[in-house]
Structures are given as C-alpha cells and as structure tokens.
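Sending over a structure as structure tokens; questions will come in a sec.
Residue numbering begins at 1 within each chain, and the chains themselves are lettered A, B, C, D, E, F, G, H, I and J in the order written.
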Amino acid sequence: MPSQPSKILDTFPNPQPDRDFTIHIRIPEFSCLCPATGQPDFAELHLQYVPDGTCVELKSLKNYIWSYRNEGAYHEAVTNRILGDLVAAVNPRFMRLTADFNVRGGIYTQVVAEHRADGWTPAPRVDLPPPMRD
Amino acid sequence: MPSQPSKILDTFPNPQPDRDFTIHIRIPEFSCLCPATGQPDFAELHLQYVPDGTCVELKSLKNYIWSYRNEGAYHEAVTNRILGDLVAAVNPRFMRLTADFNVRGGIYTQVVAEHRADGWTPAPRVDLPPPMRD
Amino acid sequence: MPSQPSKILDTFPNPQPDRDFTIHIRIPEFSCLCPATGQPDFAELHLQYVPDGTCVELKSLKNYIWSYRNEGAYHEAVTNRILGDLVAAVNPRFMRLTADFNVRGGIYTQVVAEHRADGWTPAPRVDLPPPMRD
Amino acid sequence: MPSQPSKILDTFPNPQPDRDFTIHIRIPEFSCLCPATGQPDFAELHLQYVPDGTCVELKSLKNYIWSYRNEGAYHEAVTNRILGDLVAAVNPRFMRLTADFNVRGGIYTQVVAEHRADGWTPAPRVDLPPPMRD
Amino acid sequence: MPSQPSKILDTFPNPQPDRDFTIHIRIPEFSCLCPATGQPDFAELHLQYVPDGTCVELKSLKNYIWSYRNEGAYHEAVTNRILGDLVAAVNPRFMRLTADFNVRGGIYTQVVAEHRADGWTPAPRVDLPPPMRD
Amino acid sequence: MPSQPSKILDTFPNPQPDRDFTIHIRIPEFSCLCPATGQPDFAELHLQYVPDGTCVELKSLKNYIWSYRNEGAYHEAVTNRILGDLVAAVNPRFMRLTADFNVRGGIYTQVVAEHRADGWTPAPRVDLPPPMRD
Amino acid sequence: MPSQPSKILDTFPNPQPDRDFTIHIRIPEFSCLCPATGQPDFAELHLQYVPDGTCVELKSLKNYIWSYRNEGAYHEAVTNRILGDLVAAVNPRFMRLTADFNVRGGIYTQVVAEHRADGWTPAPRVDLPPPMRD
Amino acid sequence: MPSQPSKILDTFPNPQPDRDFTIHIRIPEFSCLCPATGQPDFAELHLQYVPDGTCVELKSLKNYIWSYRNEGAYHEAVTNRILGDLVAAVNPRFMRLTADFNVRGGIYTQVVAEHRADGWTPAPRVDLPPPMRD
Amino acid sequence: MPSQPSKILDTFPNPQPDRDFTIHIRIPEFSCLCPATGQPDFAELHLQYVPDGTCVELKSLKNYIWSYRNEGAYHEAVTNRILGDLVAAVNPRFMRLTADFNVRGGIYTQVVAEHRADGWTPAPRVDLPPPMRD
Amino acid sequence: MPSQPSKILDTFPNPQPDRDFTIHIRIPEFSCLCPATGQPDFAELHLQYVPDGTCVELKSLKNYIWSYRNEGAYHEAVTNRILGDLVAAVNPRFMRLTADFNVRGGIYTQVVAEHRADGWTPAPRVDLPPPMRD
C-alpha cells in the first residue's frame, strides 16, 4: 500500500462552499496486483462527492491512483481504503466510490462504498423527467 | 441439487464491517438442466449484497455455481434456493439475487429474490444525478 | 376473445411463499387483429408479478397468448383483459402488465396496468447503486 | 394555431375506468414553423396519461398533430398549448407531455409539462427491479 | 470572465406561469481555456429549469456560452458561475446545471449544481413506468 | 400458400428506368405457422432490389405478406417462394430477400436468397468512406 | 415540385479540384406530402459526392430541401428527382443520394440512387482496418 | 467426443437446389468442458452455409450441439471438428463456422473455419448500400 | 491560417520502415471559426496513414490542431489544407483525413480526403471475418 | 523490453493444418509505461492469425503480455515488436495485430500491423450477407 496517501492527495478550496453541488470523476485506468497470484487486476473507478471546504486536485488524484500499480490489493479492501484516504484528504459532505473490476474466473465484481459527514442531510431531490431521446 | 452447499461456499472476513457497502457480482455462465425435458438451461446471475461479518470467496462461488450443471432445477425454485444457500453461508445484512434465463418457447423469464437481516435498515439514499454522457 | 381463459392458464405452487419475490416474463410475440380494419397488430408484453400461492406455468401462458392471434382487440381493452385473466388465474400479491404495440399511423402506443392484492404492501425498497459498466 | 382543437380530438370510453392505468403514446413526426424565421421545426412528442372517463382516439390525434404543420409556434408555448387541448378533450386523471425538439443553433431543447386532476393521488409506486439484460 | 453576463442573457415571458413545467436545454459545444496550461477545454452542458416569470432566450444563451471561448476557467468554479448568471437572469423556481468535461489525464469530470427558489416545493412526482422498448 | 400471389402484388412503372437504383424495404411483421407444430412463427423481412420496368406497390406488398399469416411454411422454402413471387410480379434487374426468423429451440435462423436478371451486371461499386460518427 | 431548382441551389468553387475527395451531407429533416393521401411524409437524406468544379452551398441546399414541404412526392420518384437537380447544379464526378423514409403501414422504405460522370473512375480503394473500439 | 455424429445430424431436401442461397444459424448456447481443468467452457456458434442437396434439420442440430456438454474439447480443435461433422452430414456448396468463446484469463478467443466444395464458385457479389438508419 | 505549419509538426523516425503498417489517430476536439459568421465550428478528425520514413509526433499534432482555434476556415478547404500540411511534414505512403463537423442549420457535413505516394500500392487485403460478438 | 520473448511464448500443434482457418484473440488488458513520462499506458490488443504448424498457447500469451507491464514502450514500436515476437514463435501463414491505446492529450491512437508468409495467398473471400438483426 502507498505510505502517507493523504500527503499525496492535494486539494484546493471549494469555489462555492455555500451550495451543495456534486463532482463526478470517472477513472478508467486503475490497476493493482492480485495478492493471491501476483497477476495484474484492472478496474474502472467512479468517485462522486459533495465537497465541503476543499476539492481534490486532479493531477494528484491521478498520481495517487497510479501508486497502486505494483501493490497487492483485494477488491473489497482496496475500495474501502481508497474511499478512506479520499475522505481523510477532502473531508467531504458526502462521497461515494464505485470500483468496477474486470472479469476474473468468468465473474464480474463491483464494490460500492459511501461516506456521509455527521449531521449532513441532502436536500430533497427534485425529480426532473429524464431526456427521452439522445 | 448439490448436497451441503454451505460447505462449498467459503467466506473471508469483511474488511470494513463498520460501514454498509455493496458488492455486486455478475455471473454470466450459470447452467442447469430442465427437470421436465432434461435439456440444458442457461442464465445470467446478478448477486448484490451488503456484507456483515463475512464476504463470499469468489473461487468457491464459481465452484458452487458450477455444481448445478447437471442438476435439474425449475427457474423460480432454483433462484430462491441459491439465495438461501448464500444467505446461510454469508449471513449478510442484505442480499438480492437476480436470475435472467435464456429464452424458452419464445418467452424470457427473470426471477428476483431478496433477503434482509432482521433489524437492518438501509441508510437513506443520496440521489446523485446520473452521468449524462458515456 | 378466447372463452374460459382461466381454464387455459395453468399454475403450479409457489416454491417460496414465505418471501416476496418477483417474476418478470417478456413475451415478444403477441399478435391480434385490429377490430376496425381486421389487419394484424403486434406487441411485446412484459408481465411482472409477486406470486402468492401459485405461479403461472409457461407453456399454458404461451398458448393463452397465442389464442388472441385471430381475435379482434383494441390496445387499451386487451391489455386490461389479459391482466384480469392472469390475476384471476394466479391470484398474485402484485402484478403489472405492459403491452408495447408496434407503430400504427406513425404513432407508438404502450399500455401499462397494475393489480395489487388488498392489504399487500411492498417491502421498503433497498436502492442498490446500479452497475456503471456493462 | 388550429381553431377548435377539442372538436378535432375524438375520444372513446375508457374500457377499465375502475383502475388507474397508463397509456404512453410516442409521436416522432411533429412539425411546425418557427414564428421568428418561418422555417420548419421538428419534434418528437411523448404523451403519457392515466385516463378517467375517456381515451384519445389515435387517428384524430394524428390529424390534430398534423394541423400544426403550417402554424408558427414557440417551443415552450406550443407544448403547453397541446397539453391544454388534450386535457380539455380527454379530461384525464393525470397527463404529461414531453416535446423533444431537433437541434437549432447547436442547442437541443426539450419541454415537459404535466396536468393533474384535482384530488387525484397516484397509488404508491411498487418498485420492481429493472431487467438487467436485454 | 465575461463582464456583465446578465446583460447578455435575454429573456422572454413564461407563456404558462400558472403551471410548473420543465425546460431541458443540451449544449454540446461549450469550450473555455485551462487556467493552468492555457490549452482548450471542452464540455457538454445540460441546463434543466422550472421557469417562473421568464424563460431564457436561446440565441442570447448561445452567445453567452460562446463568450467563455477564450477565458480561463476551472471546472468546478465555471459550472457554479454559469448557474449563478442564469439564476440572476431568469430567476427560476428551480434550475440544475450539469457540465460534462472531456477527458484530461485519463480522468473524466462532471460537475452538477442546483438552485432552488426560497419557498418553492416541487409537486410530488408521479412515477410513470418507463418505456421498455425503443 | 396464397393462391395466385402475382395477382395480389400490384406494381407501378419505374419512374427512372434509365438508371440502376436500389429500393430497400424492411418488413418487421411477417408471421406464418410452423407446419410441424401449427404454432406461430415470426420473421423480419428485408427486400432489396434494382427495378427494371416496374416497382412493387407497398399496400399490395403489405397484403401479400399478410396472406401468409395462417399458412404453414418452412423457413427455407417460404423465403425462396416469396422471392419467386416478387420476381414474377416485378421482374427486377436484381433482387435479394432476407428473412430473419425469431429464436426457436435456442437457435436463430436467417435465410437469404437472390435473383439476378440474365445479362444484368451491376456498375462497379464506388466505395465511399462510411460515416465515423453518428 | 419546386420550379427551377437549379436556380435555388447555389454553388461555390471546389477548393481542391486537383484531388478526388468526398463530401457527405446528412439531412435528417426532409418532409413532403404523400400524393395519394395528402398526409406528411418524412425522410432522412444522405448526400455523398466527389466534387468537380463546384460544391453545393449549404444554406441554399437547406432551402431547396425545405421547398418540398408542401409538395406531393412519391418515394422513388422524389429521390431520383433530387439527385437529378443536384447533379444539374453541381456537376459532380460522382454523387449518391440515399432517402430513408419513416415507416408507413408497418413497412420501412429506403431509396438509393447514384450518378457517375462519364469517364470518371474512382481511385482503387485503400482498405484501412476499421477501428475496433469506440 | 460424441460417437457417430453424422447419424445424429438429420437433414431434409433443399427446397430450392437450382439457386445458391444462404442459411445463417446462430446458436448462443454451446457448452463443453476444458480438457485441462475440467471446468465448463461456453461459446456462441454461427453457422453459415449454401446448401446443395440437403439442409440440416434444426432439432437434430440442437441435440448434436448438446452432445458436447460433458465432453472435453479445445477451442481450435472442436471448431474444426464440428465443421467437419456438419460438412459430412450436409455436403454443402459452402459452409463457415464461427465459434466465439467466453473470456478466460482475461482473453477472448474466436475461431472461424470454412469449407468449400470442389469446383463451386460463388456468384459475383452485388454490393447493395447498407441501410443508414435503424 | 497558422503560418509555417510544417515547422510546428514534429516527426520521429518510423520504427519499422520495412513493413507497411497503419496508424489511426482520432482527434475529437478540433475547433475553428466560421468565416461567414465568426462563430465557433467543431469537428472530430480521423487521421489514418501508412508511414514511410517518419511518423507524426502527437504533442506537436495536438498543438497544430489547436492553432486553428481562432482562425476562420471553411469545411471543405480546411480539411484539404490540414491533409496537405500533414503530407508535407510526414511524407507518408498513404494518408486519409476525415473531418466530421457538428450540425449547422439542421445539416451534418463530413469531408474525407486522401493522399497516396507516387508508385505506392497497398498489399492485397486479407479479409478476416469480423468479430460477431462484443 | 522482455528478453527472449520467443522462449516465453509456448505453442501447440495446429489441429487442422490442412485447412486455412482464423483465430481471433482479444486482449483488453495490455499495459506498459510511457518512455517519455514514465506513466502507465493502456491498450486493447486484437490478434488475428491463420496458423500453419502451430498455434499460440493462451496462458503463455497472457504471461508474455503481462511482461510489458513495467517496460517503457512507444505505441508504434511496441505494436511492431509484439507482432515480430509472435511471428517468430508461431510462424503463421498470416497474422495481424491491432493495438488500440487509451486517450492521451485528447487524442486516441490505434496501430495495426500485418505479416504474411512468403508465397501464401488467401482463398478468395466468400461474401455472405451480414446478419441484419441482433
């Protein structure tokens, strides 16, 4: 595992802290190693969060993701660990991480974990009709 | 039916038991036999669960699924039985199994069953806007 | 209209009556005749239900659907009638029928009808995040 | 604008007035003229409604839609006007009209308007899991 | 940043102010410059709003969007700023802006922000079943 | 089999006989009966032809296709028979018929047959690059 | 039919007459009237051509297409007529017109016609492997 | 391997032997065992052929395919063997078999083999423009 | 137009000059200005080429493409000019440029131009069957 | 670069050397390092070949691909090198390698290279009509 990840993850001040808004980041190029066999694993990550005081800086996020390339990591554990590191660095109002792993043994695995700040409540959802034509 | 399935299904400790998170496993290669005709049936399974103390180990899951290959099984019954075996082995907070069978007689059948642990309540959902472009 | 449809629709005992679960049946090959012009109409049907004591047997369902082939039927009426026949035969906790008709006069029509047993309440939905990659 | 549209829009009695059910009509061939430039505009309409005493007859609906072909109409106004005409003719429990206009100036516009009869409340939704495979 | 944007954004009176309805505008051609590198950035914008007294005029919206072409702008800040300008010009009951940026450094970013007028509450959603066939 | 099909198939004069051009007709609603079981079969037909003196009239084509609805017909034989009837009625320079049958027994069948008038040679193909974006 | 179409269709000089190159123009908004019923017809046109001395100017092309809006026109004849008008105006080395009409009577029709200048021969095609991933 | 496969594969006389035509059969449910590991393999087969005196009967083809379910078979060998059995049974003018195996070890394999009868030459292809809209 | 483009376009030596091979480069972010209106235009470019002595360096290609951002350019002329600049810089055996412009006035335009070195002939194509399943 | 790759690539005898047939292998998980920046690159490889005396063994192919994980490699050079190694190991009649790299700097690159054994000529292609419906 990369040591001191929160040092690697840089942040910048939230430009609109008076409003809940959502940042969705898709990272198709996550790769680590299977601890059991030493062979490469691949996943697409989706990070969705409502920032509080800070946002994650994208270049440092890319380097943080890259730091797992030669580390052994189980699917369930690594998803929760990345979420934990990001929460520690960004301290968001809400954050969800989805890790969508490539097929192994004919089986596809996806892990989804969430963090919610104490006392934070989302605004009631306004359901707009979805677009019906591309 | 395979005897003693809970012996075949291995587990490992949940790496983050203090948090509700979701594991989604897609298994495109389920096959069994039709009890009426003896001919092969095929389905894609989707297993979604919130682990409590343990998670299902993927290799044993693959072997468990494989053990149905030469067994007769009706769509509705086998979906509920697999869910029951997985609940017995993993004891999850929540589990949903979807079995999507190939067309027979011009008709497509899908069966969906859920288990919820007594007293477990999901956290209120945070509706993030879905991505709008691939 | 076919006479005595509930006799044609066979059932079998629900293998897991202690649990609410869902059966989704897709029938792409419904065809009847337009009562106004006598010309063929085509639709894809979706039947979704939560069984109580019995489930509908698929071969009899195929024959029941086939029995409309040379009958005149309006879109709105025939969707409600098929739902009524299926409810009478299966007596489900919940049932929804969707009929998706082919284009006529440059216009596409879909009819959706539901039945809910008195006193039945669905379990609160557990919203699992949808898979993000195929 | 077409005069006396409610006369053009024919109806027939709802065949199942004791049950809330939904009719979804897709009309890909709406065309009118831009009031500013006189040039043709094109849209795909989606009409979704829960009928009360009557349903809209499809041939008259086609002719009503056709009557806008050489009329000038702004996107926002014409969507609300068509909804108003249909509500006046059909008197539904609920009706939603979506107008999805073709790109103009590199921008795509969609307008969605709804009508709900006084005192009508929809039945609580039963969330069935969506199909996971086509 | 463009000066006095609310002057550029023209409006016209809402043709149906007695009813909440939704306008969805898709703008695939947003482009600005990266403040760090000076290189072009590209995004697709989705604007969804419920108008109150006025609607945004499309040609002025196109010109407003175009005014960012040679301005430096960070993803998170520019999304919130455009929403702010549109809210100031249109004063809607509700407005949501989604900005879907092109990939940079192997990472895709989407920002979603909303504004809700004080005291406005959306009507309870009527969930119509989605169409099941294209 | 329908008797005297060439009488049913009406034609009109080719409006541009001095030029080879292609007419492609897609018919998603072909239905006949399986001679072995008496149950309905369904197919989508594609008719592609280069007319000589006459073109097939669409309403008579629709009625001709409809005339198979209650006839028994094997996949391979009926495709060749329909091609033969159309060639007899239209006398084209070239004609290809594709019949794409719905799944039966887990197997999908498509039959393709062609007719070419004696002495007719197609112009050498000009390969234009296909569009690369929708 | 519009009178003197070649006057409506403006052209500009080919900027690279020493090289065969291809222009592909997609026009999703063609509409005319059915001569038999007077009702609107709709088609998507694809124009592909190798210019010689001139290219067609897009605004005049849009107006030319628009001029058919209230004219009666049969599918096969109008496709050949538009091709003829464009050939007369542009005098290309090669031109292909595809007209893809909306469904009528459950049947989809597409007409494709080509013109090739006397003595023109396309360069032998260089078959590049198509991209395998989007 | 199944013994005497050509006895299992029934045929029926070609209904149009005076014309080359093509039969395309898609079989999504092929399964055999990996000779190395004993675990199940899955493939989708495509059989395309130009019949001479006989066609393959579909029910016997289904049973023949089914007979591999518990046999060990390598991808490359089994594709060629099935083609050989079908050629021996049907004696076609031309036959192509494509076997599209499910992913193993992160790698997808497809094998394509063809047989052509001595002296048979296909008619020169008539290239019709492909449809441009679905 | 950018001055001295061939100076901007850097190259590197072809690593395998003894073999014809193909490089396909997709550039979704081309933007220039319309010379008539001064408004932005957008296109996706596809560059396909068989290198001879040199290949184009990607970073300089990105900067070259970027240099058109504030230049006026007509669709047909700019496509041929970019091809000319690339041919001058890289001197390839074969090169094809496709420019796929965004919709304007309801019309989509794509321009395709090719260059072939004197005396170069492509190897005869080996047609491999395309994959049939994703 | 991995040393002695032809030692890593195992082969097995072609089970049907008397017939030209095609093996298509898709490898979505190729990863190497950018020699300029040291950052990871990702590609999907497609290997298509007509075997002569031997076929490539899949497990050794997986390990060979994996051996590039921590090696620096330029797109154009590495594609040609992998093709060279595979040709040396398998000695095929024909082989094509496609490498489809992930986006870098807003630009997508794909490299395609082929090898053909001296004196080998493919059989003339039999063009079967492609399936028209999924």
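Throughout what follows, a contact is a pair of C-beta atoms (placed from the backbone, for glycine too) under 8 Å apart; a residue touches a chain by one contact, two chains touch by 3 or more.
What you see is a predicted model, and the numbers here were worked out from it, not measured in a lab.
Least step count on the touch graph, chain C to chain F: 1.
Chain centres computed from CA atoms place F at the largest separation from chain A.
One rotation lays the C-alpha atoms of chain G on chain J, and its angle is 145 degrees to the nearest 5. Looking across F-H, D-G or H-J, the pair that copies the C-F interface, with over half of its contact pairs the same by residue number, is D-G. Chain D and chain G touch with mostly matching residues; of the residue numbers seen at this interface, over half occur in both copies. Chain A and chain B have CA centres that are 26 Å apart.
In terms of their C-alpha centroids, the spacing between chain C and chain G amounts to 46 Å.
Here the spacing of chain E and chain I, counted between their Cα centres, is 33 Å.
Spacing of chain C relative to chain H, judged by their CA centroids, is 37 angstrom.
Residues of chain I found to touch two or more other chains are 22, 24, 26, 28-29, 96, 102, 104, 106, 110, 112, 128-129, 131.
Taken in their complex, chain E has these residues touching chain J: 102-104, 106.
Touching chain G in their complex are the following residues of chain F: 14-16, 19-29, 51, 55, 58-59, 61-62, 123, 126-129, 131. Looking at the complex, you find that chain G touches chain F at residues 22, 24, 26, 48, 74, 76-77, 79-80, 94, 96, 104-116, 122, 125. In the complex of the two chains, the chain H residues touching chain B come out as 28-29, 31, 39-40, 42, 66, 69-70, 102.
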